[in-house]
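You will see two complexes here that share chain A, one where it goes with chain B and one where it goes with chain C.
And now, the complex of A and B:
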């Protein structure tokens, strides 16, 4: 089977990209002005802590040795100490990741459900007035700065109407016993609605346009003509025959969209004070908390790279005509 | 035109450069949305060029009312401020007009760099193939693995925050899309008869690329360049909004950051934070409409 070989070479490519991104990250965080030790050691750390970190990251050694130590540490999941939180970066990131993922997936699921239905509908109503008007409207949503949309929604629904809280994930002082308890609480959901809506409005354009153009392609195919000749109803032809086939590439784009969304999260999380990876990255960079910034960046990059891989693999699995070239 | 020209006049005559450029660029003038996009661009460019004449105040100056109070948080029209003032007493209208200048600067330079780098890499990879292609395309894979916005944020923060560093950071990542598309286009172009003929006639690789292949991919570069304009303006806005922008330039992103940080949302100062967003949407979607018009011309099969 050439398939195994193809998947193998794709995995090799993944390893190369990972290594390159990690290396770029290493070099980037040594670009900053001043002392290279500043990347890991804050002057307010105790002498003992400073020495421990010096040894752990080999900060007194030449650059190439530091690089090897850095790679070794990464392989063990060691990312250093956050300056501001005084706790390991890894732990900090694990507590933030769920918030980011909940926001990302809830907004994308809404965006895809809407985008797929609307895209199929617009393809069906091809040439109608509503289609002529909808396409430019969708393109306009793609031209919006996400954070601006968030600001407008905040001003209207939170500050003016008071329907939703203005930021964060929970009411002040609220305590939850566990993971599930928090994420299913009414309190959390009311905090989630505005940021998720912001991201969903921005993201629905991709699945919508993709679904529509796939539908238009599929509708020209022989099997659709065949279905029509058989005398099947318009609904059956469009939904059972055309839409199902047009759906495949849209589903693979979901993986890519997760990667893009994480980048968009950086600004939207900041607008809504959503305690996620993106906002933490921004705050860490602004506050010169380098280890945390590095860790957050790495985590986002990791998700982007894995999602690119997933999209490639899914594409081949769902549509056997595509070979891994 | 005389039907029989004197032999002395017959030179390898070329149409003038402007006409050639227009034909090569193939401006989409049949698509109403593309025309609207072009018009928005014209207004936008004119505003940026004549910003000094259009503005009513210095955008960074702290202004006072006729009764010598700080002109802070004035509503549109109050005391002659067309769109009101910011919390620190600056004129919103003038900031908005000057914002077009940095948007134009960012958009055009970033788009130019993205299209240039992407086209060159695509041309070289596609034309030479083999190892060169393999190396360059792995570089593109790597660029696809870099989270774009976080990368720009970190670079803009570590290098001095300036417009140029934002542009460079964008160009370092965004060339990937252009390069991939141009490469695949070049792969088919290089097998064409006239390229083969040029090679047989002894043209150098450089000459074949510049004279025979590059003109054919120019519209495609232009297309990707115009997509990059929108991306660049949106990215600059995000970077400025997060506070990593050029502190010396007034941009729409900076205005939004200022409004957000000054509680404009709670104050319901829609006149402050809505207009910069509308300007961004207009300019970026104008780019999208022009792009779409182009796609219809370049790839008529996609025309639907």
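And now, the complex of A and C:
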């Protein structure tokens, strides 16, 4: 099977990309201005005490040694100690990542489900009043900054109408036994709606416009005309042939959208005080908390890289021309 | 001629381009008898493909059938409600497209695409559809174990065979083949044409073969309909068209293609000039500007003259055709015009 070989070479590429990301992350934070220890080392400390602290975090060693230690630790799944929280970065990320993933995927799945259906519909109804009204509306949602949209939704649905809570993931004092318990609770879902809606409204334009333009192209294809000449029902022609083919590039865009979304999360999580990786990342960078920022960046990069792999594999399943070449 | 399977009467199809209308088919009439292959021939833009598509009533968004009748087994397809027309598509009238690559859906196997027609349109169950698909593949000479392949895994000629198998799926009464071999090399062309002819005879099908290549028509057709600028110039049996072409355009076409029936002069003589703009066609005979035999009278609308039974010709000088044929055989006749 050539498929195994293809997957193998993709995994190798993935490892290389990951290594590059790790290296860039390492260097990036060392090149940033400012001494990371400034926040934790009191100027009244003696030089000896300061150096002792530096040594404790390994910051007295030459850069290449720090890099090797960092790589070695990463291979063991060790992300280091957060300067600020004085606790392992891995644990910190592990509690935040699920929040981010739930927010990202729930909003993206809504955005894509809506965008694909609406895009196909608008292509089918080309030239109608609905289409002419919908396209500018969609472009408007693409043009709105996420933080602004988030604040508008907060102002309307939280502050004015009071339908949804303004931030966080749970009501004050509420305790849950685990992730599943939390994520299926009414409390959590009501917290999720506004940030997820913000991201979904912002994201649905891409799949919608992509799907629409693909559909318009595919509808002109001979096989769609032939499907009509075969006397197949409108539904079969539009859904089974036109939409099925138009869907291919949209699925690839999903992976890219995950990357954009994680980027968007940084903003939206801050607006909605969502305890996710994005907000933590902003805080960590502001506080020069190298290990935590590095870990957060790494996690985000890892998700993007894995999604790209998934998109490639999915494409091979969806398009026989890729897998049966 | 017995009662024809299909009778097209004064068919008109127009395309809207901007604010103007292009009358791509402007009063075409011809008959398709049962159990024959009819070649619908003419140069690019003469309206032959538009006629072919109008018969299925799946035409471009900016096109409309603006007049005439398409009588198929006593029903006028031009006026049939869409629901009834759709019931008749593929079951009675099937279509073989020019580019089989683009006309097969790339994401489904060939078996799925055959099965789709057999099950959704033919009411078969999965097992019956599989059996029929194998039968169809055998008919067109493809191994049944290739049913699970995707369109891109077939060669051009094989794909065309698949397209023919698809057309045969529901035992239609009429198959319209729109330039079915144009995209193929001559050897494969010949194989496909032989196959089409063999199936047509064996199954007693009626076929309309749309082509610009009069040698293809001469090779397998029983009858021919010659179109020029949206109108039918001449129609009749193949024998009549080859031995007694009576429209100057048909005479010119005969000179412009290598003669497959032998007795070639050895020189190919093109018809100079180009067809008229159909958005604003000239008055009178549309071939007049290119015709070496044009007279003043040709500035008025030409009559349909039956030069022989079952051999109508759209020409003022159709009655003189025997004399014109002798002139038309000479290269100088056509050069003088240029």
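Here, the second predicted complex is superposed on the first by the 277 of 325 C-alpha atoms of A that agree within 3 Å, B and C clash if a C-alpha of one lies under 4 Å from a C-alpha of the other, contacts with A are read in each partner's own complex, and residues count from 1 in each chain.
Convention: a residue touches a chain if its C-beta (ideal position, glycine included) is under 8 Å from a C-beta of that chain, and two chains touch if they have at least 3 such contacts.
It should be emphasised that the depicted structure is a prediction, and the values quoted were computed from it without experimental measurement.
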{"item": "Side-by-side fit of chain B and chain C on chain A, or clash", "value": "fit"}
{"item": "Vertex chain A angle, Cα centres of chain C and chain B, expressed to the nearest 10 degrees", "value": "80"}
{"item": "Which of chain B and chain C A:241 touches, first, second, both or neither", "value": "second"}
{"item": "Touch count on chain A, higher of chain B and chain C", "value": "B"}
{"item": "Touched partner set for A:232, first chain B, second chain C, both or neither", "value": "second"}
{"item": "Touching partner for A:75 - first (chain B), second (chain C), both, neither", "value": "neither"}
{"item": "Which superposed partner A:221 touches (first chain B, second chain C, both, neither)", "value": "second"}
{"item": "First (chain B), second (chain C), both or neither touched by A:318", "value": "second"}
{"item": "Which of chain B and chain C A:47 touches, first, second, both or neither", "value": "neither"}
{"item": "Chain B versus chain C as contact partner of A:15, first or second or both or neither", "value": "neither"}
{"item": "Shortest span in Å between Cα atoms of chain B and of chain C, once chain A is used as the common reference", "value": "14"}
{"item": "Residue ranges of chain A in contact with chain B within the complex", "value": "13, 16-18, 20-21, 24, 28-29, 31-33, 126, 136, 139-140, 142-149, 151-152, 154-155, 158-160, 166, 213, 216, 259, 262-264, 266-267, 270-271, 278, 281-282, 285-286, 293, 296-297, 300-301, 304-305, 308"}
{"item": "Residue ranges of chain A touching chain C (in the complex, touch as defined)", "value": "221-223, 225-233, 236, 240-241, 244-245, 248, 318-321, 324"}
{"item": "Chain A contact footprint on chain B (complex, rising order)", "value": "33, 138, 141-142, 144-151, 153-155, 157-159, 230, 234, 237-238, 241-244, 253, 256, 259-260, 264-266, 268, 270, 273-274, 276-277, 280-281, 284-285, 287-289, 292, 302, 304"}
{"item": "Chain A partner contacts - residues on chain C that touch it in the complex", "value": "56, 58, 86-91, 95, 97, 99, 102-107, 109, 116-117, 120-121, 150, 152-153"}
